[in-house]
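Read through the structures below before going on.
In what follows, subunit A forms one complex with subunit B and a second complex with subunit C.
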Partner chain A sequence: MKQFLGKRAVASAVSLLGLVVLVFFLSRLTGDPTDLYLPVDASVESREQFRELHGLNDPLVMQFVNYLGDLVRFDFGESIRRNEPAIDAVLRGFSWTLTLAVITMGLVTVCAITFGALAAFNVGGRFDRFATFVSLIGASAPDFWIAIVAIVLFSVNLGWLPTSGTGTVWHWVLPVAVLFIRPFGLILQVVRGSMISALQSAYVKTARAKGVGNRPIIFVHALRNAMLPVITVIGDQAAALLNGAVVVETIFGFPGVGKLMIDSILQRDFTVILAAIMVTAFAIFLMNILIDIAYAILDPRIRY
Partner chain B sequence: MKLRTYLQGTALALVAALPAYAQDSTVTVVLSEELDILDPCESSRSNVGRVVLQNITETMTELDPDEGLMPRLATEWEDMGDGTWRFHLREGVKFHDGSALDAEDVAHTLVRIKSEDIVCEIGAKFFGGIDLTTEVVDDTTIDITADPAQPILPLLMSTVTITPAEAPLDGHMEEPMGTGPYVFDEYRRGQDITLSSNPDYWGETPEVTGATYVFRTDSAVRAAMVQTGEADIAPNIALQDATNPDTDFSYSNSETVYTRLDTTMAPLDDVRVRQALNHAVDREAFIGTILADGTELATGMTPPSTIGYNKDLQPYAYDPDKAKALIEEAKADGVPVDTEITVVGRINNFANVLETMEALTSMWREVGFNVDLQMVEVAEWLEHYSKPFPEDRGPEMVQAMHDNANGDPVFSMYFKYASEGLQSGVQDPKLDDMIAEATAATGDERAEDWSEVFSYIHEQAFDVMLFHMVGFSRVNERLDFTPSIKTNSELQLEQISFN
Partner chain C sequence: MPDHLLDVRNLSVDFHTARGTVHAVRDVSWHLDRGEVLAILGESGSGKSVSASAVLDLIDCPPGEITSGEILFDGRNLLTMSADARRQINGKRIAMIFQDPLSHLNPVYTVGWQIEETMVVHGTARDAARRETVELLRKVGLPDPEGAVEKYPHQFSGGQRQRLMIAMALALKPDVLIADEPTTALDVTVQAQILALLQSLQKETGMGLLIITHDLGVVAEIAHRVVVMNEGEIVERGSAREVYHNPQHAYTKKLISAAPGQGAMSEGGQGPEPMLSMRGVTKTYGAFHAIDDLDLDLYPNETLAIVGESGSGKSTTAKLLLRLEEADAGEAHYEGRDIFKLSPKELYEMRRDIQMVFQDPTQSLNPRMSVYKIISEAWVIHPEILPKPRWRERVAELLEQVGLEAEHMYRHPHQFSGGQRQRIAIARALALEPRIIVCDEAVSALDVSIQAQVIDLLHRLKDELNLSYIFIAHDLPVVRDFADRVLVMQKGKVVEVGPVRQIFESPREDYTRNLLAASLDPDPDVQAERRAARLEAAQ
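Entry: the complex of A and B
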């Protein structure tokens, strides 16, 4: 296990470095942040002064070497636009996104597994058809549309919830609900499919023959074996959320890392782009390792 | 039993935590973007201005669109000749840290906006190419000299937010500070900014005792927040969200849309071709269809409330036959009227910009022009709009929107029309002289000179002038506040009262 973790850490570090190189040069290909920072009628001297202050006049390779040198000391640089270090802005945004992702994925996992398992138990039954219908709608509806409709319905018309923002528990209800829908639909379908094959397997038939009750058959015998593909999909969906739930963050004015990343790309705030990508990439590497460990726990045949 | 008590407790806590809706004498303003920076020297940016300008940090003078230039931190000023102006400061004014405002603070501010170690937008936008020197006469008197001389220096001072002499010259201020009626409390990044009233303010105590600013990118959400009472003012909402006549206001937002012609290149160097481009456009057809009702036809680069705006000018009439005749006439004289002209539009510049540009392009094609529309992102657009222009370019028309809420055409004319102007497509020595003359003139003569400049540009059809735009605000009915042309750049809390 230790050896496995060591290998993974090295592989992750190499990928991360590759990512830094790629993003550093790609983002600079988009152009000069000066044009976006200063007003259209700013003088040529002001533009030149801005470039000089932010080291944008140096040769690209030298900018890169300087950047790497700072990075070794965990200095991610100052944001060009914000009056603060890039990493501060990113960690602040990431903590919001992480909380949102953990709450949402926790709820999704519990609900999707429960409903998926129950749906698989009686394939074609009323509950199965209902669950499939709901999950397909959930997996296909665009989230910006759901978000706006939810605001109009629950905030404007019914007045039950705040439209957007942060501050109280109630502010979390709509963003979590909107984010919940798609992964819930997807994972429910995977659980259902995986459970159907597990329930048809020989060991379930044996259990039934021995007179084991329905509940232990579903939740003890079949579910654990059906979980491997489910874990993979949960990992994918969680990674998507960690990258930032851009649409939801934008509409609900939620100060997460996804919106920060999009804004920094549009404004060519290079240090923030790089810091945001590194932090989220690191989190995703970490999560992948956790998933690998989960495999080993669920399936005793897997050993690292 | 224990569980029940716990649940009841939780329920009570949740009810208590329900959103504290905007109430009593504080207001909540919902802005369209999170603020990157809160330094007063950046307050020429719309959303920074709406928080900082005249609320936290004040200016020496202040432009009232109806009354003209008014005193603020300076009580009076006089022209001492040779580019020098003497300003007398208001006595008894204190910064939020308790220190008194004096001439040294003003001198420091003017150094700071042009500091080499930070880029301040006020300095970059309004004082590019102008050297400022100061001489402190006494605590409340200061002489400011501009080189080249600026006859409208008092007006220029209405853009400069005065900060204390302790403000750093090599970095942005962490917290905005000034002499204004409101004190900066806190910026919870990504969430909100709060201000509260300044008990030591030199002026009258305003009705609004505090403000919270929140940020929502989506216009529909901003409008919904005012509707539900979560916010009091959304200074800027989209046309399609301005649906309630009781709360939604349209206001002239000081933005002017036009198409800049590269008059140095054939066929656009021919006045008949330029006039034909103007006669080909049915301007009225846009209003109330793809552009909002209330949009005005423009005959000049600045809003009609600007000094010297020539109200006698009429927009070019929609006359396709005349346009065709002018093209024929030019063609007969050997002007290459069939050359392809590239029309460059800026994506997301304003609502329905794509539809507007497509309609314009088809109107030009209708009369026989060979035009090709390219819609590009801001950075690429800027390469066409600002000098140096690309060397290998063909004839171009660049769509742009220009904002001048500062009351004087000087903020626009040099940049847009002088031979050396950064965004000028014109090379006309006569116009250069006229602009220089108007820039140097004072009083009534200044208004007249500018009026002639507007008239000459219009006759020569140096551009296809299009529209003065309108913006929309939603204001909660509990407030007595009417958005105006200044709402585009500031939102003075002291001007708000309650119904």
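Entry: the complex of A and C
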């Protein structure tokens, strides 16, 4: 297990470095931040001064080497826009996104597994057809459209919920609900399919022959076996949320890392872009490890 | 009418499938009493398992439908009981074990937990169940029962898994135990142990034992009475001796005469020079010695059988010979060259001469290719054999040679039965005009009557085409009928090798003797004698 974790850590560090190289140079292609931050009629001297201050005068490779040197000391640089360490801004945004992702994925997991398992137990039954119909719509509905319609309906017309921002519990309802729909639909489908084959398996027949009741057969015997492919999809969907649900966060004015990234790109705030990408990449690395551990816990045949 | 413990009366079950309704069993009646062993004998598709599934409510409805009949257990009709009431009986009073214990045990829970569950479901406290489980595992002869309860199914061997299933089924001392092909997937020696275990447990508890099997040997060894099924109907019933010695129905007669191990043994003398010699062949996987210093000779136009239990290295030998895997050491001389040292181009030429037929034709034939494509693919790879315009003609010829019809070439594998698919696999091997065919358990998955036909076919082709076979098998009666010489393997080593008559009539090694003693004869009297001899030896 230790060896496995070590190998994974090294592999992830390598891809993280590649990512840093890519993003560092790509973001420079968006243009010179000086044009954005100083007035159009700023003097050549003050432009020079701004460049000097933010180290933009050095050759690109030199800037990169300096950046890496700072990184080793966990210094992610200053945000041009915000006048604070880039990492502070990113961690603040990330903590919002993480909360949103954990709440949403928690709800999705519980609901999708329960409904998917019940649908699989009586294939073709009324509940199964209903669940399949709902999940198919959920999996295919575009979330930006749902977000806008939800705002129009619940905030503007009915006036039940705030349109955007944070502050109260009510502010969370719409973002969580909108982000819930697609993963719920997808995961329910996977649970259902995986459960159908698990329920047809020979060990379920054995359980029936032992006199085990329907509920333990579904939730004890079949579900744990059916969870392996499900966990993969859950991980996939959770990664998408951790990356920042850019569109949904923007629509709801939610101060998460996705919105921060978009803003920083528009503002040519290079250090923030890089820090945000590294933080989310690290989070996804951790989550993949968790998924591998979950695999080993669920299935004793898997050992690293 | 006297009351039987379990009484199936006039049971009919239909399955509604996309292709229409299948009458799985029609008007089937049998009964089982305390302390007796009943066998239901039949080939695949005969419906032999269906009535047992109905007893335990294991038939899914739909697609299944019980159209008529009743199943009386202790005088009460199971079919009219509530699902709850039947769950009270399942596992507690009627228990079942299955053919493939690995897939019938839940892979993600410890075996201890699974055995306890039987008891917990029926009201035993968890810790009492745990103590009882350890006792049960000791009783079914599992080593280290305290440690075993913490392990998972994949950590046991096939025979041990079947012991676990038996422990699970016997946890609550049921009145009836149903065993569906309980030893089919096991080695002969393990099969003998499991049957002996079932027998002694049955005597001890006085339960009724129902064995569902395709194997006359199992019937002969264990059953008091037998019911023979064919195409969903019972064609014959009676005591095991009566049915074997005096079968009435044509189907029973056919089944008994098809049982392998009754024909004349080969007296074929071997040629002067072996066409293939393997010397000092060794193959290890990590620390595991799959093949250890193996010598093997194959003479022209002979059948060399390789026998041994699972893990003895039979199949690995074949893989090394065909260079599907690389040997660690040793040589294999064929036509003056060492197969293990051939260059890719020479290997390509050699592959024409040595072809393989696998155990499971369902898996080894590509389901998306027509029979024509499957067979002619050989000539796509080896175009020098046959010009393309002649392909269709030659495929037709090959199909007729293996007992199929020319028009079958336009069909796909799923449209054939298991025996027909194996014929296609043989035709595919013949397409390259090989000199040696390696048959890896090529008839093991087939029903006895089909098995006999395929063996006949192989026999005929051997003479017609001057072929040599390496015939890998675990089924000794088949080997006895078919082989010229036999090579016995154990744990990667050759135990002994000799003409078939010598191996079967005067084996030199203890291992061979044990193997032969464990194999079952279809004659109940012969089995009774062997049982008596075993008891004597044990005392």
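Basically, the second predicted complex is superposed on the first by the 292 of 304 C-alpha atoms of A that agree within 3 Å, B and C clash if a C-alpha of one lies under 4 Å from a C-alpha of the other, contacts with A are read in each partner's own complex, and residues count from 1 in each chain.
In this text, a residue touches a chain if its C-beta (ideal position, glycine included) is under 8 Å from a C-beta of that chain, and two chains touch if they have at least 3 such contacts.
No experiment lies behind these values; they were computed from the predicted model shown.
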{"item": "Clash or fit (per the criteria above) of subunit B with subunit C on subunit A", "value": "fit"}
{"item": "Of subunit C and subunit B, partner touching more subunit A residues", "value": "B"}
{"item": "Touched partner set for A:250, first subunit B, second subunit C, both or neither", "value": "first"}
{"item": "Which of subunit B and subunit C A:301 touches, first, second, both or neither", "value": "second"}
{"item": "From subunit A, separation angle of subunit B and subunit C (C-alpha centres, steps of 10 degrees)", "value": "160"}
{"item": "Contacts of A:81 with subunit B and subunit C, given as first, second, both or neither", "value": "first"}
{"item": "Subunit B versus subunit C as contact partner of A:151, first or second or both or neither", "value": "first"}
{"item": "Lowest C-alpha to C-alpha distance for subunit C against subunit B (Å)", "value": "31"}
{"item": "Partner subunit A, residues of subunit B touching it in the complex", "value": "14, 17-20, 34, 36-39, 44-45, 116-119, 121, 123-125, 128-129, 171-172, 174, 189-191, 214-218, 220-221, 224-225, 227-228, 230, 378-379, 382, 385-386, 400, 415, 422-423"}
{"item": "Complex interface listing, subunit A residues touching subunit C", "value": "201-203, 205-213, 216, 221, 224-225, 298-301"}
{"item": "Subunit A to subunit B touching residues, read off their complex", "value": "30-32, 35-46, 49-50, 53, 79, 81-84, 89, 92-93, 96, 148, 151-152, 155-156, 159, 162-171, 250-253, 255, 259, 263"}
{"item": "Sites on subunit C touched by subunit A in the complex", "value": "56-58, 87-92, 95-96, 98, 100, 103-109, 117-118, 121-122, 152, 154, 165, 168"}
